[in-house]
Amino acid sequence: MKNKIKTIEEAVEYIKDGMVVAVGGFMGTGSPERLIDAVVAKGIKDLTLICNDTASPGKGVGKWITNRVIKKAIVSHVGTNPETGKQINAGELEADLVPQGTLAERVRAAGAGLGGILTHTGIGTVVEEGKQKITVDGKEYLLELPLKADVALLFGSIVDKKGNVYYKKATRNFNPIMATAADLVIVEAEKLVEVGELDATDVMTPSIFVDIIAQ
Amino acid sequence: MKNKIKTIEEAVEYIKDGMVVAVGGFMGTGSPERLIDAVVAKGIKDLTLICNDTASPGKGVGKWITNRVIKKAIVSHVGTNPETGKQINAGELEADLVPQGTLAERVRAAGAGLGGILTHTGIGTVVEEGKQKITVDGKEYLLELPLKADVALLFGSIVDKKGNVYYKKATRNFNPIMATAADLVIVEAEKLVEVGELDATDVMTPSIFVDIIAQ
Amino acid sequence: MIQDKDKKREIIVKRVAQELKDGDLVNLGIGMPTLVANYIPEGIDIMLQSENGFIGLGPTPKPGEEDKDCVNAGGQPASHVLGSAYFDSAMSFTIIRGGHLDMTVLGALQVDQHGNLANWMIPGKLVPGMGGAMDLVAGAKKVVIAMEHTAKGEHKILKKCTLPLTAEGEVDLIVTDMAVIEVTPKGLVLTELAPETTVEEVIAATEAELIVSENLKVMNV
Amino acid sequence: MIQDKDKKREIIVKRVAQELKDGDLVNLGIGMPTLVANYIPEGIDIMLQSENGFIGLGPTPKPGEEDKDCVNAGGQPASHVLGSAYFDSAMSFTIIRGGHLDMTVLGALQVDQHGNLANWMIPGKLVPGMGGAMDLVAGAKKVVIAMEHTAKGEHKILKKCTLPLTAEGEVDLIVTDMAVIEVTPKGLVLTELAPETTVEEVIAATEAELIVSENLKVMNV
């Protein structure tokens, strides 16, 4: 069995300036805080972030806003981090706001090898701009395209040494979807267990998606 | 709490001749055998079946083929049930063969309120026929449309009295997807437990999808 | 017309709660809609969805009893009730977009007589992002707007929204501190008045045209 | 040219197994491809996917030790190895279609010099359905065809498939009892010969044009 276990510092060596990085978590819950901190410490910059939100100033990817790690945020919500709005209004941060359900489907589509999905969400709003509209059975839909990352940073409540992941309660959110949609997937393990300790039926992200387990 | 628990016989009262019925299971594994039998016993006919396959003559929905319960099968595979092929060749059964991954996505799309999904699967094959082709980033995709049922018949390894479902091992297959894509969802419970016995994190089909628990 | 701010909120929230039916799955937006949970009628079993990934949202835990793994869609400490289920964001929006949510209750900046809703941004000022609001409004079976009838004297119920829309023609019901208004194909129908409120006051506080229902009642709150 | 049926199979299956790399996720089609699992090179950790919903397919259980909840994609009793994971059909095909499968090994009725594959139906005769084959061939990183070179003397490696296609231009490698043939943009390249087999025999048994590799070798089986 390939050894996927690395330290947090070794793991972030794979992240380079300018990459597209997907980060699990919802308002910071289920976010890989130690990986996020290590990216700040290493001075990585110009990342494009794919995440549900920009959390709050001291939490989750909120720390990347404060430390100006990212140049573009593809997120559904920035309202809980005043610093994000400030940087957007000052033209220092580019924001691509995506409806939350559409964000989930776009990331999933990339992971599932779909060329896109049709959603009614956003019809009649600014979300329509520049998108192809397709009518099915008399109802209008937007064609939303896949969204893929170079690296995904996830947080797993229980991770086995092969890379199978289990997410407790509301920490799951975007983590299992992002696991499918990045060239390199790094999971920060809250608890690392031996192979076999996670029941095969209960695994939420199969090991084949995970490249690095960060500890 | 609404009482969703009914007998197998009471449950199949909701199935009427001519309905579109989605049935969980893969070659019969994870199929609701008792519900399937009750449909045969009640003499229901002219159903349109959505299922991965037609199993084998004595197993799963294979019994519906033998007893001529269905007039149309929307499935990915019929090769393991010789009776299906015989009826198709004799013009007695209509078959709409769908690639397995496309079948999963079409049912999921119906459940998720998507107008369709783009897949590369089937390009250059007879699966293309009559379908819209859409090019994204220079690659051709087929637009595959949602597939919804009137009733879904599922098999749950552990079901709590509120209708939360857990599927063991390979019994999961199409069950959780079909749970989202029918007007009425009936789950045959292998084991019925009190509410709270299933950990909320481990639930695979949330109770809100389940209308009837058949026992 | 009710003047007291707290009393206004209470009326809105109590009246919205009356829309709940036994067995409903409901999503309550951040802010005032959240308070609807405190007025669920007795004998009615409601499950609340939290769009970050579960159904069965329970009361806010007491200080010291928080679980870092359980938060609501606002990122605040939360709990789950018996019979809950957690899932990922794709499933969360399968529920929302797929029409499995019986009702969503949201606030509004503006709503108009075509059922259009604007509640996610003020150009040049507020850019919070739409979060799950666009999916909720496009996907829920019933969209209820819970808000004060006017904002510092400015109309919020308009002939046509001027702010960027959240969704087009999806609003079903508007509940304010002054009235209950149904969105119908014919236009906005005034069906209930708040206590101590007159039809004239409602009309004056509404830019949109109102059809006064023949069965106009006073809210039972 | 090898005549013995069992020997033919063994050569094909052993040669295909040499394509496996440490850490690969592989899907083996029903029939002969399944046997590849018996020849996984030592020291190499492979996970097998079963498209009905898990990775970590293990050996067939002994009679009496079957688990009704664990079957393979053929519906036959199966087992899972340590470190496996079960999932639903949507995730199974996320893995397949999304390019997460390193290799799929499938049989063929016909394959042609453009990498087209026909393996799912014979019009008017055999209508089994495509099952997961179309997704596997369209989605796997590497598509390996494992088959006898001819069928009762009839060519199977053609200039152009005549049967309905499973996928267009997706085949990467053809392994038969006579040869290993790579599908390249230039055409089919004969890279290896089976033991006791000549280039002339392969050419005679192949309708498609073959480019004989400069580094032509004998299979190490």
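Here the chain labels run A, B, C and D in written order, and each chain numbers its own residues starting at 1.
FYI, a contact is a pair of C-beta atoms (placed from the backbone, for glycine too) under 8 Å apart; a residue touches a chain by one contact, two chains touch by 3 or more.
All values derive from a computational prediction rather than experimental measurement.
The chains touching chain B as well as chain C are A.
Two chain pairs are in question, B-D and A-D; the one with more C-beta pairs in contact is B-D.
Chain centre most remote from that of chain A: D (centre = mean of CA atoms). Work out the mean CA point of chain C and of chain D, and you get 56 Å between them.
Averaged C-alpha coordinates put the centre of chain A at 32 Å from the centre of chain B. Chain geometry summary: the mean Cα position of chain B and that of chain D are 29 Å apart. Between the Cα centres of chain A and chain D there is a gap of 35 Å. In chain B, the residues that reach two or more other chains under the touch definition are 105, 108, 112-114, 119-120, 167-169, 172, 200-201. Shown for chain C are the residues in touch with two or more other chains, namely 54, 80, 86-87, 90, 93, 97, 139. Pairs of chains meeting the touch criterion: A-B, A-C, A-D, B-C, B-D.
For chain A in complex with chain B, the touching residues are 105, 109, 112-120, 132, 134, 136-137, 139, 141, 143, 145, 167-169, 172, 200-202. Contact residues of chain D toward chain A in the complex are 22-23, 25, 45, 47, 54-56, 80, 82-87, 90-91, 93-95, 97-100, 139.
Interface of chain D with chain B (complex): residues 50-54, 67-71, 73-75, 78, 80, 86-90, 92-93, 96-97, 116, 126-135, 138-139, 164-169.
Chain A makes touch with chain D in their complex at residues 1-2, 108, 110-114, 160, 162, 164, 180, 195-196, 200-201, 203, 206-209. Within the complex formed with chain D, the chain B residues making contact are 26-30, 52-53, 55-56, 75-80, 85, 88-89, 95, 97, 99-105, 108, 119-127, 157, 167-177, 204.
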